[in-house]
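These are the structures in question, set out in turn.
Presented sequentially are two complexes of chain A, the first with chain B as partner and the second with chain C.
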Partner chain A sequence: MIIRTELEPSRRVVHLVGRFDAHEAPVFRDVVHPLLTAEFTVLHIDLAQVAFVDSTALSELVRLQKAARAVNGEVILVDVSDPVRVILEITELAPLFTIEQTSAESL
Partner chain B sequence: MTFIPQPSRLGHPEHADAPQPVSADEAIELLLTLASRNPHSRPRSSAAAHRAAALVRDTIGGLESLQVALTEALVASQDRLLAMKALAKVNFRGLASDEAISQLVEKALVLTDTSAVLLLEANRVAAAAGETSELETWAEVARQGIARAPDELLRTVAGDSAIIGTLDIDTTSTWHVAYFRPVDRPFATTDIPLVEAINSALGVVLAFNELHRREQARATVAREHELASVLAQSVITDELPASETLDIFARATPAALTGGDFYVFGQANDAIWFTVGDVAGKGLPAAMLMTRAVTVCRNTFLAHRNESVIDAFTHIEDELFDYLDDAGVFITLTVGTVEEGSGAVSLVNAGHSPVVYVHDGLAHPVPASLPPMGIVRRRVPGISTFTLSGEDCLIMGSDGLVEQADPKDVMFGYDRFNALCQNTHALPASRIGNTVFEAVAAFAAGTQASDDSTLVVLKHPGVAS
Partner chain C sequence: MTEVGSAYRAYRAWVTEPLTPPPVVSVVIPAYNEEWRILPTIGAIATHMSARGEPWELIIADDGSTDATISLVRDLRFANLRLLVAEENRGKGNAVRRGMCAARGKLVLFADADQSTPIEQFDRLAALIDAGFDVVAGSRAAQGATVSGKSLTRRVLSRGLRAVVSRGFGITVTDTQCGFKLFTKDAAQELFSTQLVNGFSFDLEVLYLARHLGYRVAEVPVEWIDAPGSTVDAAKVSMQFLRDLLRIRLNRVLGRYRRARPSERFGA
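Moving on to the complex of A and B:
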């Protein structure tokens, strides 16, 4: 999986591309979790190009959401791909996140 | 060196009977004699001839000294070459052993023609060879030499009668080798290549020794890991609950030695408790959480056997939530009961899939009514209720089945799973279960499973199958 981060003055966006599974979870944790700071409490995760998530990956997203909530922030899932949306719905995890549909240009 | 001039091929006729010189000195004397006999020579010419002869003699003397030095150097070089060859031929019995190190230190003593060789690990003498009666004295000399020049790879001390080398190897300790000779036979520059070669060989053996130790430690951890995995997996019992009316199949196959999938059954009054779960994550950490979840479910089914499904679910959540929250993971879980008499099923699905109810030949996915356990506490779960009768069945799998990929990385998927449930629902539970596992394995076509696979099938044919 490719993890690309955009650190803008007003917000932080993480673009994920590929399969997000147990093998990728440690890297995701190392790269993305530190982006949550006292200054930046909201993270946008672009899932438009994620083809698959397994339960370990979902667990990482939930862990990130918990960390964000702990600092009064949140994780916003953006342009969730169909495979990821299906899994979020099946597992009843979708309501835990703010999910935004936006044009790619705005990211 | 002996200088033998080549006889001239154009010898002068008038000197044909003169004695032939056989050494450089005789040649010079002959030249002087001939010069003095020359009727045209003057006194000054004779003195110049003697000075020339002295110069020639000095030059020849210098050349002879040089020849001696070169010969000695050649012999020394040959000795070093032979020593290097001997070093290369050292045959260790087990390269990564303390015995090999002692063997090499003994060899170093012989090759360097020294009185003693000490191998120091940090400041401790790890091995020694030679005259060890003065071991502590020499060790102290070595320690002081190292302390004076800690960053040097080689340092000479005690008037060049000792060389101390630092071994440049990646081990947890620092290693030095000290070579000692009598003070009247100090080390020379020519000894250094051999000392460096021996130090290098010792470094290789020590590095192998360290690797061997690390590998042994890793193997020990791996064995313990394997044992822990086997123990963790053993909490999932193969023994199914006895029932006069229910037909039950259950199997959990971990992707590796162990995994996070589990199922648990419990016996209530005229009902069977069941749960199928999957701890997010892989390996031993997931397995440890799985064993905890199994224990909690089992205890709940014993202690709260006649309570409602919601109460049982809440008990399980209360026991596991903090544990899961601390670990930062969740468990997808289906908990329910099936009445042995009526076949009535009540279940709570916390983010688990696939859960399929096949009724009248049609597969109906049973949706989750709340997120997996460990994320949001004390959310009131919704309950799914239905009745198993005739060929109806409840099939609860794990994501390892639907996410199994084929060689082209296409997943088995929920549609195939639901269709398989629908097509096999009329079979006995064990045949449904085996058919599902076989179909997924055939689909994988050798592609390794990336996740555990678990399946529980419940049927209520009315009589035992």
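Moving on to the complex of A and C:
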């Protein structure tokens, strides 16, 4: 999986590309979790190009959300691909996240 | 949630509207204590197969799970998902057999519950059925396959077993054990109502029978990603595989494959 980060003055966006599974979870944790800071409490995760997330990946997203909530922030999932949307629904994890459809230009 | 894509809409229709025509495709997933992996796999498969636009059904063939696998699947209440519950664990071969014999589709795929071969690979296999083959085996060994995360031990053992299978059984498929195979309905019904092995070697047995029964078999390179958390002991499974090789030969010599099992022919 490719992880690309955009660190803008006003917000932080993480673009993921590929399959997000247990193999990728340690790197995701190392790269993405530190982006949550006292100054930046909201993270946008772009999932437009992720075709599959396994249970370990889901638990990483939940862990990240808990960390964000702990600093009064949140994780916003952006442009969620159809298969990931379905997986979030049937695992009943969708309500834990704000899910936004955003044009690519605005990211 | 906001705007959704066409695949999602097709998935919602598949979830809520029971098929009126018979399915064109059946997907069979054997499952033994898969509570950690089964829902993401179902989600990925349901989205892709629904997006293809053909009527299809999903069959989860439980293998005596003692965790929450059965309740997780049952609680989905999908209109076109069937759950075959087994009272006891009898092996992957047994679970796949029950699923394949219960399938109603003109094409029948069995796919492992860990999504190690992404469901998107289905389309490549289906193209070869359209070209006239009866059985199409996904392969991690054929030229063009991409394999990620497979340990050195598993690679060495696989290579050794491949040599034994090729020389001992005359099977030209280089990867008999990849958990992603597509069959025509007729081939699936005959092969799985004839095969006898309940364990991991059932794939080999099915390909062996396919060869002897004159089915056209093709092999397609697939993308394969090792699923972490597998509880399969490669060395132990390899020893069992060798024992099963001998058993399959013996079954053939003793004529046991002539006795099909009509009770299982059309499913549980």
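Everything below uses one rule, namely that the second predicted complex is superposed on the first by the 107 of 107 C-alpha atoms of A that agree within 3 Å, B and C clash if a C-alpha of one lies under 4 Å from a C-alpha of the other, contacts with A are read in each partner's own complex, and residues count from 1 in each chain.
Please note the rule applied: contacts are C-beta pairs under 8 Å (C-beta built on N, C-alpha and C of every residue); 3 or more make two chains touch, one makes a residue touch a chain.
Values in this document were obtained by computation on a predicted structure and should not be read as measured data.
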Partners on chain A (chain B, chain C) - clash or fit: clash
Touching partner for A:55 - first (chain B), second (chain C), both, neither: both
Chain B versus chain C as contact partner of A:22, first or second or both or neither: both
Partner chain in contact with A:82 - chain B first, chain C second, else both or neither: second
Partner chain in contact with A:66 - chain B first, chain C second, else both or neither: first
Which of chain B and chain C A:100 touches, first, second, both or neither: second
Chain B versus chain C as contact partner of A:10, first or second or both or neither: neither
When both partners are placed on the shared chain, which of chain B and chain C touches more of chain A: C
Residue range of chain B overlapping chain C upon superposition on chain A, of 151-159, 187-195, 223-231 or 403-411: 403-411
On chain A, the residue positions that both chain B and chain C contact, one per complex: 21-22, 52, 54-56, 58, 86, 90-91
Residue ranges of chain A in contact with chain B within the complex: 21-22, 52, 54-56, 58-59, 62-63, 66, 86, 90-93, 95-96
Touching residues (chain side chain A, partner chain C) in the complex: 19, 21-23, 51-56, 58, 80-83, 85-87, 89-91, 94, 99-101
Chain A-touching residues of chain B, taken from the complex the two chains share: 278, 280-282, 328-330, 332, 350-353, 367-372, 375-376, 399, 403, 411, 414, 450-451
Touching residues on chain C, where the partner in the complex is chain A: 1-8, 11, 36-37, 39-40, 42-44, 46-48, 51, 76, 115, 118, 120, 148-149, 225-229
